[in-house]
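Consider the two complexes below, in which chain A is the common component and chain B and chain C are the respective partners.
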Partner chain A sequence: MSVQATEYRGSIHQQQKELMLQWYAALDRAAGNAAEQPVVSMMVSGNCVELLEGFGAVPLYPEVNALQLAIRHQSLDPILLAEELGYAADNCAYVKADIGAYLKGITPAGGRLPKPTLVLCNFVGCNTYLKWFEHTADLTGAPLYVLDVPFLRSEEPGEADIAYVVRQLKEVVARLESLTGRKFDYDRFQQATAYSAESEGLWSGIKHLAQRSPSPFDAYFDAITLMGPLYVYRARSEGVQFFRDALRELEQKPVSAEDEKFRLVVEGPPPYPYFRAFRDMFARWKACAVASTYSTVGGLWEFGFRHDPEKPFESVARHMLAQNVTNRNYLQRYEQIGHYLRAWDADGLIIHFVKSCRLFSAGQGDMREYFSRMGVPTLYIESDLEDPRYFSEAQTRNRLDAFFESLEHMKRTGARRMPLAAPQPSPLRVL
Partner chain B sequence: MAECLEQSFEPLTELAQDIEFASVRRWKQGAPHRKAVAFFPVYAPMEIIHAAGMLPVGIAGAGDRLDLQHADSRFGSFICSIVKTTFELGITGKLEPFDALLFSTICDSARNLCFVMKRNFPGQHFEFLHLPHSTSESSIEFLAAEYRRLMGELQRIAGVEITAGALRNSIAMFNRQRELAGEIYTLRAEAPHLLRATESYALLRAGLRMPVEEHIAILEEMLPKIRARGGKKRDAIRVVIEGSFCEQPPLPLIRVLEAAGCDVVDDDFTLAQRWFSEPLPLEPDPVQTLAERYVRCATYSSVRHFPAAARCRGLEQRIRRSRADAVIFLIAKFCEPAYFDYVLFKKAVDQLGLPSLQLEFEEKLFTFDRLQTEIETFVESLIFD
Partner chain C sequence: MKIAAGVDVGSTQTKAVLLGTNGETAMLARALTDTGANVRAAAEAAFGELCRTAGIAHSDVAFIVGTGYGRYNISFGNAQMTEITCHARGAHFLCPGARTVIDMGGQDSKAISVGANGEVLDFVMNDKCAAGTGRFLANAAEVMGIGLDQVGPLSLKAAYPVKIATVCTVFVESDILSYLAQGRKPEDILGGVHLAIAKRTVSLARRVPIEPKIAMTGGVARNCGMVAALEKVLGASVHVSREAHFAGALGAALFALERTDESFESAVWRGEHAGRSRN
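After this line comes the complex of A and B, so read on.
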């Protein structure tokens, strides 16, 4: 079977590249002029980039840097250096790559990366974030603030949870005021939440395009390309413009029925060191991811949540608490996937276990059991999102081939659309 | 007398490792409507459970006593053993005596475990407690609200109201238990030949399987006897163990350490009983006290955020107080919080000029040849230094 890349490369990809280069250029400038340009390092999950706008601060996302290193096949050396320093083979490799790259002076776009004005650990779900940012603060000497976001342990965040996060957001504001000597611009913050609401609506529109059959958009591989602008620019006019263009372009993109053979939901991050090879394993079968959980790490917007300029602090808090996949509990992830399978009309589920990330992977065997019992064709594969040593290309391809062959067989024998049998996930309540 | 004392550790060791939770079942049978609440490591506000008239029980995996039939396939590779054995305890019905199970924000694996168990064991009540990773003033208020939420749930399950008076009484009880646990550690630091680490382990961990009142009585009775024990100080290397705060190392491995010439003068095996080094005040508001002390005065731990420097200072203090010659980082395989802290701690220990050794274990380990060689080589290098 020949590889037929179904990857779509329209003008949005060029725009995306330019936006990300602009971002790296801003970081490079900030490295040369720390007093003029505040920089706040943050985690992607449930990030509060809107708040930064109130200071005109640029976000620095170590995860984005780490994944860029992996895509460019530059992650192994920094990982090995970190291991020499005492990090374990089984520590999250994002952290090792980031710390190793910092010590080696490697940056993803070749420019400089600034010392952050504030290391803001938005603790949203992942406990590794705490350690990562503690170590970053220790290494760089930058001040650290841990924004402790209570884990979502019920359907809705409680009042105490919201009040707690809002109070901390205000503490961050006070901290940044004293660090930058700038006054927090509340109007600009409010405006940022308004831009975000618009970007989020457009992004949600893009995700819903994948409900069409055939879908003009791959909600795993294509979504990853759009995620950079989503985290860096959604609270700015450039972001709104970008997502407006993207939605228009994808809406008009011609797709024919032959371009799509299988519709899938994908759970878990991708193997970035083999991103292209992995993508081709899907493309050769004309398999399209119509939904993915990984694309909701930064925020869950396809179910209606938007930032609210009328209640900017509270809506930022709600976003961090409940509207991103990482701070939601595991069973809520089952519900999310179940919902995708039904409403995005998918043929099966691919669970990609990455060894680095226990937030995603601890329990994915149970998830497989849950969906298999429901009659959903489910494939479970293992590798890593950053460390190239944990990817077996031949084995992964064989497993995917076998899975697609069985899906094909089911289709031929008319057993394709398996009804979702019990145990049914309960309807999404929070979403 | 000495022999008699030695014999009293045996049932405690068995009790601490019993995966049938016979002591809990017996306690529940002692009176109608008794309820028990299990908590996953590392810490839980046992006072609140106790004040609801319930038995707080610390669970700690299954050691090498359980074959994994189901848990491996549910949790896959690269996940620590205690997560799997806890799931297996559930699926084999061994957690049945517990009316509720309590988890908290210690790590990603344990957090997912809570919800996976919730799905698989619908007949049981699961609570997830968000213990703050912040030392900001606002986290005290939040934690007090979180404790009140927990109290609401426990009151519903127990069918009793948790009064301020009951909570004060419970705090006083656990203050006493912590005080006695503190005495045990002081004794070990002063005269390690009087109480082996494995004995101290049994003595304290058994206390997570029985009513606190009984445990206090046992400690009060045994402490003078231990102090009066004979024996000579041996010429050994004084070590602090760091990194075993959740999944527990097999006791034979501790014995290997001791046999190789180490006196374990401090460890982090049962941190829950040493979470606060000072007694908690009973006035004015006990819930507020529990919250405020958690945020302000708890021991350092790898499973909660403190400024990294404060955590290193915590370890340094333990080293100084116990006058240790070396640190053994005894880390459960795949325990990410311990792995990460190892990097910080190792740097701090190096700066103190102390030697250290990193060892990895799994609770189910039963052959120790490789570890034994590593330990012996380490000890020899110190002796001949």
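After this line comes the complex of A and C, so read on.
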């Protein structure tokens, strides 16, 4: 078998780079003049960037900084420093890299990172966030607000849950008004939700392009490139423009049947310290991720949810409560993956267990078993999203190669196609 | 006669198998050498030995498939495949009807669920930890000053196997030393070590459905104590071919043979080709 690494690089990659550099430049300016440019530190998961627009505030995402360090092979030193200070080996390495980098004064783009106006812990799903943001607030001396977003316990969030989150969002507004001395611009907030809705629709369109065969879009590796603008810019006109261009470019991207040999669903974030090597392991086999759960950490927009300018606060609350993969339960994640496998017509599932992330990786052994039993070729691999010490290139590649060899065999002999079309049995029902 | 070879460059040993077919497949030669630091040289040595034993020239070999961790270092190979795919294929050839393959090598152990024609349906492997592998056993043997070829037979004599709680290849040494200090018999300690490895391997293997027949492959398959311990923990019999150690190389050679002849390949996958090893 001849294998060749391929990677698509269109003009949207250049645009993405420029947008992200603009973001880092804004953060750098804010570091020089805090009064002019408010900054809110926040988590990617179910983030409420729309609310920030009401203050013209810029989001600061510690996860994005941490993963940028990892991609640039700069994560190990800060991790080691954090461990010297007492962070345990099994702490989430995002936290260690972020804290260590802060103490070492390392920033991903080389510019300065500001002291946040507010450390806003949008606590969705992951309890590591709480401690992480407490530490950030403590280190930087910035005020902390913990947004308590109840875990999704049913198909839809209840009215009480929504009201509870909306009340807190309004508290955040009041808090930011007193911290910035600015009045909250409700119209701008409303406009931001309108921009978001548009960006989200375009993003969803991009994700649905992967239903084509061959797919012009890799919903794991390419999606990651688009995720930066999605979290930073979706509530702004630049974001809408970017996603409009991206959708157009990808729609017109020429792809031939030979470019795609396998269609996969991927669960879990990538090993960022070895991002390129990992991507090449897929590309060598012409394997395309047609869907991924990781690309829904920020939001589950391909299933129809949009922010709503008619009900801006409520829609932000709904997004945080139910429309991101982190605040949803395991059975809902099974449903999501099962839906991808069917509607995106995938050949198999790859689960990447991330040592850092106990919360979302625990249970993936069962997940593997669940999908294997349904007849889905499923591969389970382990490493880390930030700590390079947990990635073994030879082992990972060996497993992926073996998985693709068996998929190739199945294709060649027509041995097995996923018997997934049948509706799922009752264990999937969420009470 | 069409001739093809498989070379399995493992972390500890390099195995090579030469197959010929004239309608019926026969093993013409096999070779075994320590991998050592020079992976490429080990592969060349093993392949050279194959040709010498069979009395053929290198150029007589129509196709060579490399497998094992060192597969990409084989300078003379025509194609590479993972040892997972090759072990399944080799085990199925040696033990027709095998549905589960437990492969224990020097640094990793794996369980493979195998389809009716020797194809991989599913597999699991140990991750970043040598517990449950040949290395764990080699460490234990070394601490006790007993040759690796004797630990298996000795472990079969265990009347009261000790409990080895650790799964760490390094810490097992201190466990063993403390049992020795307590005056426990070497066979009981070894019995415990074998059971510990077997339990770990079986718990790994349970993640793919364990279905009979179960075949064992890899270097550790030569250890009768390990086979017995696995059978005990599984509560089922484990088939071990005399060539089990060569299953990866054999699988690679079978794939290589297919590449020489497409009609042969499709016959194999239609289940119409019954191969037999010469031994």
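Annotations
Here, the second predicted complex is superposed on the first by the 417 of 431 C-alpha atoms of A that agree within 3 Å, B and C clash if a C-alpha of one lies under 4 Å from a C-alpha of the other, contacts with A are read in each partner's own complex, and residues count from 1 in each chain.
The definition used in the following text is that a residue touches a chain if its C-beta (ideal position, glycine included) is under 8 Å from a C-beta of that chain, and two chains touch if they have at least 3 such contacts.
Keep in mind that what you see is a predicted model, and the values were worked out from it rather than measured.
Bringing the complexes onto one copy of chain A puts chain B beside chain C with no clash.
Residue contacts after overlaying the shared chain place A:E382 against chain B and chain C alike. Of the two partner chains, chain C is the only one that A:H409 touches; chain B does not reach it.
After overlaying the two complexes on the shared chain, residue contacts for A:F151 are found with chain B alone; chain C is out of touch.
By the touch criterion defined above, A:P143 reaches neither chain B nor chain C.
Looking at the shared chain after the overlay, A:S361 reaches chain B, while chain C stays out of its contact range.
Applying the stated contact rule after C-alpha superposition, one finds that A:P214 touches neither chain B nor chain C.
Between chain B and chain C, it is B that contacts the larger number of residues in chain A.
Of the two partner chains placed by superposition, A:G201 touches none, neither chain B nor chain C. After superposition on chain A, the vertex angle at the CA centre of chain A, spanning the CA centres of chain B and chain C, is 80 degrees to the nearest 10. By the document's definition of touching, of the two partners only chain C reaches A:A394; chain B does not. Once chain A of one complex is fitted onto chain A of the other, the partner contacts of A:Y164 are limited to chain B, with no touch recorded for chain C. The overlay of the two complexes leaves chain B and chain C separated by a minimum Cα distance of 6 Å.
Common to the chain B-facing and chain C-facing surfaces of chain A are residues 365, 369, 382.
Residues of chain C that touch chain A in their complex: 69, 79, 81-85, 108, 115, 117, 119-125, 127-128, 207-208, 269.
By the touch rule above, chain A contacts chain C in their complex via residues 1, 365, 368-369, 372, 377-378, 380, 382, 390, 392, 394-395, 398-399, 401-402, 405-406, 409-410, 412-413, 415-416. If you check the complex, the residues on chain B that touch chain A are 72-79, 83, 105-109, 111-116, 118-120, 128-130, 132-134, 136, 138-139, 141-142, 145-146, 149, 303, 305, 307-309, 333-334, 336-337, 339-344, 346. Taken together, the chain A residues at the contact with chain B in this complex read 85-88, 90-92, 95, 121, 123, 125-128, 130-131, 134-135, 137-138, 144, 146-148, 150-151, 153, 158, 160-161, 163-164, 167-168, 171, 329-331, 334, 353, 355, 357-359, 361-366, 369-370, 382.
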